[in-house]
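Listed below are the structures to be examined.
Both complexes below contain subunit A, partnered by subunit B and then by subunit C.
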Partner chain A sequence: MTDITGTTGMTGIAAIEKEAMALPPAAVTAGGSLPKAAKPSRIGLYLTLPGQIVSVLVLVVPLLVALYMSFTDWTPTRGSLLAAQLVGIDNYSELLVWDTRFIYAVIRTLCLSVVCLSLEFAFGLGLAVLFLREFRGKSVLFSAFLTPMMILPVVVGYIFWMLFQSNGPVNQMLEFVLGPQHTVEWFRSAPFAVLAVIVTEVWHWTPLFFLILLSGLNSVPENPVRAAVILGASPRQVFWRVVMPMLKPVIIVAFVIRSMEIIKLFDEVFMLTRGGPGSSTETVSLYIYKLAFNDFQLAYGAAAAFLVLLGCLAMIHLLLTPVRDQLLAGGR
Partner chain B sequence: MTRPRLELVSLHKEYDNGAVVAVDGIDLAVTAGETIALLGPSGCGKSTTLNMIVGLEQPTSGDIQIDGASIVGVPAGKRNVGLVFQDYAVFTSMTVRQNLAFGLAVRKRPKAEITRAVAEVAELLGMSDRLDARAKDLGGSELQRVAIGRTLVTKPAILLLDEPLSNLEAAARLAMRRELRRLQSEIGLTIIYVTHDQIEALSLADRIAVMHAGRILQVEKTARICERPDHVFVAGFLGSPPMNLVKGAIEPCEGSVVFRHGGLTLPLGAIADFIKPPEGRFTLGIRPEAVRLVPADGAALSGEVLLVESRGADAVLTVEAAGLKLKVVAPAGAHPGEGQATGLAVDPEALVFFGGDTNRRVDLPLAARPN
Partner chain C sequence: MLTRKLSPLQMAIMAAALAVVLFPVFWILMTSIKPPTDWNASPAIWVPTKPTLVNFKTLFDPDALREYGVGGVSQSATKAVLGSLLASLVATALSVAIGLLAAIGISRYGNGSKATPLIILSGRMFPPAAIAVPFVIIFSSIGLTDSYVGLIAIYVAATLPFSTWMLKSFVDDLPREIEEAAMIDGLSRLRAHLTVTIPLIRGGLFATTMFIFILNWSEFMFALVLAYSNISTIPVQLAKYVTATAGTLYGVQAALAVLAMVPLVIVGYLIQSHLARGMTFGAIKQ
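Presenting the complex of A and B:
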């Protein structure tokens, strides 16, 4: 997408230069010799030009700079980027073959994603099914359940960091229910730190699944469901055999949106554990951040970021494959 | 008479605590192997009736019996009643085979039985070579077959069809109508067929039940219902074009009775002398097919042809006579053109009267006429 914007932006600039030279004589000598159809499209071009320039400046240029950087050994302490030595694919091969911290971060992020998305999907689906019925206080609860999604990730991270303190509310509750020997040092033990991250993430993003699945459930056509009931299917069979297949595109879209987000998981982890203890909760984003801003290995970090980008593209492509036709078919 | 397979006993359905009455006391007995068409305009309660029979909605009062046993309270999937929806409601994520097998698969029947039943129904519907097609790739009439087949696999005692042909285009509709007729005769199903299209009702049903505003106004053999409608609504709804309806009065006149409306006077013949002659306000129904065109000279009733609508083999003429606009069906080519004068003649036997207040048919005690 950025590529396309970039190219049109450039042809736009080229076209204007051309016209600036061509227009005055044409206007004087041969009045309306320009093809009429060209004019409105030119106007559209002028009007979108500022936007195109901005998008080229803030998207395409940095992307290209970063891509170039990822093939050098540049760091900010060594002066100009253009003076940096080109190292070919050394950064990439280092990352993929030797940098176990990077590889573990990738695996850790993927595992976290699978666990978190599964839990978010299960809770979101459960809530959505419950919300198909009528009950008192439904609209209040609906707003309440959507609230976590609207809070800034940094703030969510901070809230849960407070909650999981050694003398925080979570531990106080554990002490009250199970006794003082059952309190947990959440951020000092790797499994519990991971658990804290999962709890935070699931709390934060279950509402998105809930919202998407609820709207999906509400738009499921009524008659196939009724037909299944008449044919003798139990409520459970109706749900799993008839409703869920019809929800499939919606479910996959929800997973795609959330996958793109959770692969970039940063804020909550940064606030909760900064990747610790050790690197037990270090996500890819966090590792790249540390490479770039703690170690000033910007070129190496850029290479890692590009690898993540490629991985994301491949993953989303794969996820969308089963429903691509259905989503693009439109009318049916 | 055979015992009714399905019986509806003063069936009521109200919504919003009685604010809306969708079905207002229906009594209907359907015998085994019979096809009954529920015919009526949109919103007359046809679909609500079907939903109650199939179990999707509970009646407010009244009873539904299959083979004498009440099925009110039996859950929808256990009534042994099949319903085919107007929009087919085929499971689009499945193949044709999975759709057909669904009813047996959810009941956890043995694989061999399912395979055999699916093959049987696919054969019956001519879909044996399409079993592995995905349902979302099917066309309208194929979807319809799948929807019917999916129901037939469960061997329902009664098959309900809710406007099954109205989503099909004209050619497919005719083919599907023939198909349904063939199915009826091949498997002898008991069918209740809901439609607002009377041609469909006339061509497919043994009997027609005309519904209006939540009530059944008349249940009659298809051959007779157009000629002897019980109710003004039925008279004005059935037939193409429907009956001419004229409000007027019956008055005695020199030993016989006549029907009068403005300038129109129709002699009805002698009334049997031992009966008090009927008097008062009536609505007269004349079938367009019962009006004969005669030469204008010397005709008791004459008028001017306003409009000729050709229908191929015959034509519908609108004739203005005695201040009335009457529809007349005449064979093509043998009728006067627009703007020409014509005489009209009607046999008194073909006239139908409805009480002016009750709107119900009244059979006049006319004396037998010498032939």
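Presenting the complex of A and C:
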């Protein structure tokens, strides 16, 4: 502990000197007596050490175990993992070539993501633009519109499961508007089950897009907008040609964050449909869960998980490239 | 930006959007106070004529429904509520404490290469279903399945990236010169952080704590695969109620759902202005 007393980092020296000019002499002497052996990096190491230990023990080690497992044919009935037979890339080739259920789950998750994120973006942007106007009760409405994203996913799934029951309020409203022959058994037909999942997901996460886009819109500098108006641009032109380009980093951040989450979509679907009817709403996460914890094909499930991770990494890398510095530097 | 007021059409759109946003919340609240006769009525009853709290009572005393002549739930939710509280509170405290140290370390001493944050982000992307598999295996070999210790360990690890990065963005906002002035005044580095840095970011610390609590309280899948009989959390109990009763005890299920969501909505409103920062790893500030 002694080597970290009263020392400052090299980067701070200039600032220290500036600071010292304005300070009484006593403080300057204190500052002047800094020991030369200061090792600013060591305290940084100590501070980050607990976090790194936790991450290694609870994330990296299990991941390595899973990686090893994915190259074996292990199932819980075979006893110790070490006794399992190595099968090379059999699990992976099986998944990519023969397992249509897995391939469909991947495609389904991607399609769901594209549809949901597009809708969330469109609704979120529309709402955010409305919130640029002045009106009464704005702050109350702002909070009200954020409510869905504050509710836990399991409960959101449960709520919509209730709403879409055959004698639930959604069917009641359909009956009222379109007549009794237009009610729908939401969870018995594949297209309607998918629609229910999309509605749930869009309801739940549009507020996040709204929140991010609104904070982006509010921080668009006024001068370029004013200049464009003075030069005779129409409001539409101003929005699409001036405001939107400046909003691009914020939009990408929103999409990256949401893609990372929606690829893992599990809780809501688990409560709504459990992947049914058949496997028409089965997401990748749900499929892996069923593989591992219903069918106990743990090794095979681990291989599926790694394939998904590789896909996610590649996708996020592409999405992230234009805004990496902003995101990783914490907006500094 | 250009027009100042809402046009009538825009007002109508806003009202419609508000109705869509609030209706599901209204429905679950109403269902939670419906007496058993109203649960499964057809056509569905929107606002119960005789609102009751019996559903909430049933959660803690499964026999409370007897007076309505309905068989209650087989399992009380007491354990799940206590379990959720225990796991979320302990995991949140640990995650924020470790994250705070790491945040100061990264922000002030530039430890860690450019790759570290990317690794942290990748950790978030990995589907929990995949991490759950090795956890169950490792935990069963060291006797941590079905225990709160195991669950809390996972929760801490899973939320650590969020707490570290969110806190780092708050520390970044604080000018270095303030701490450096304190160090010149003779304080050691650690004392300077303790007496200057941490008090100055207390608003951010509070927001981060609340945000991590939201994440832990909401977690479902790890609890689902680790909980057999000793431990339980509210989301797991809710899923159990829905399967075990083939989805007929709507009122009781809704009561548990309301119990799960009320704390989060309150906490969410409290830290509303920091939600964007938390959700985006501090990339977007408000």
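The rule is simple: the second predicted complex is superposed on the first by the 269 of 332 C-alpha atoms of A that agree within 3 Å, B and C clash if a C-alpha of one lies under 4 Å from a C-alpha of the other, contacts with A are read in each partner's own complex, and residues count from 1 in each chain.
Simple rule for what comes next: a contact is a pair of C-beta atoms (placed from the backbone, for glycine too) under 8 Å apart; a residue touches a chain by one contact, two chains touch by 3 or more.
Please read all numbers here as calculations on a predicted model, not as lab measurements.
K.L.:
Between subunit B and subunit C, which makes contact with more of the residues in subunit A?
P.N.:
C
K.L.:
Could you tell me if A:89 is touching subunit B, subunit C, both of them or neither one (first, second, both, neither)?
P.N.:
Neither partner.
K.L.:
Once chain A of both complexes is superposed, is A:122 in touch with subunit B (first), subunit C (second), both, or neither?
P.N.:
Neither partner.
K.L.:
Just to be sure I read the superposition right, which of the two partners does A:314 touch: subunit B = first, subunit C = second, or both, or neither?
P.N.:
A:314: touches no partner chain.
K.L.:
Quick check for you: in the superposed arrangement, does A:288 touch first (subunit B), second (subunit C), both or neither?
P.N.:
In the superposed model, A:288 contacts subunit C only, not subunit B.
K.L.:
What is the contact status of A:103 with respect to subunit B (first) and subunit C (second): first, second, both, or neither?
P.N.:
Neither: A:103 stays clear of subunit B and subunit C.
K.L.:
Could you tell me if A:114 is touching subunit B, subunit C, both of them or neither one (first, second, both, neither)?
P.N.:
neither
K.L.:
Could you say whether A:229 touches subunit B, subunit C, both of them, or neither, answering first, second, both or neither?
P.N.:
In the superposition, A:229 touches subunit B and subunit C alike.
K.L.:
Do any residues of subunit A touch both subunit B and subunit C, and if so, which are they?
P.N.:
229, 332
K.L.:
Touching subunit B in the complex: which residues of subunit A?
P.N.:
Per the touch definition, subunit A meets subunit B at residues 221, 223-224, 226-234, 237, 241-242, 245-246, 248, 332.
K.L.:
For a test of understanding, state which residues of subunit C touch subunit A in their complex under the given definition.
P.N.:
1-6, 10-11, 13-14, 17-18, 20-25, 27-28, 31, 40-44, 46, 98-99, 101-102, 104-106, 108-112, 114, 117-118, 120-138, 153-154, 156-157, 160, 164-165, 168-169, 172, 176-177, 180-181, 183-190, 214, 217-218, 220-221, 225, 235, 238-239, 242, 247, 250, 253-254, 257, 260-261, 264-265, 267-269, 272, 275-276, 279-286
K.L.:
Inside the complex, what are the residues of subunit B that reach subunit A?
P.N.:
54-56, 76-78, 81-83, 85, 87, 89-94, 102-103, 106-107, 136, 147, 150-151, 154
K.L.:
Touching residues of subunit A toward subunit C in the complex: what are they?
P.N.:
For this pair, the touching residues of subunit A are 1, 4-9, 11-12, 15-16, 19-20, 23, 27, 30-31, 40-41, 43-48, 50-52, 54-55, 57-59, 61-63, 65-66, 69, 81, 123, 126-127, 130, 132-135, 141-156, 158-163, 167-169, 172, 175, 203, 207-208, 211-212, 215-217, 225, 229, 235, 238, 243, 250, 253-254, 257, 260, 263-264, 266-267, 270-271, 284-286, 288-289, 292-293, 298, 301-302, 304-306, 308-309, 312-313, 316, 323, 326-328, 330-332.
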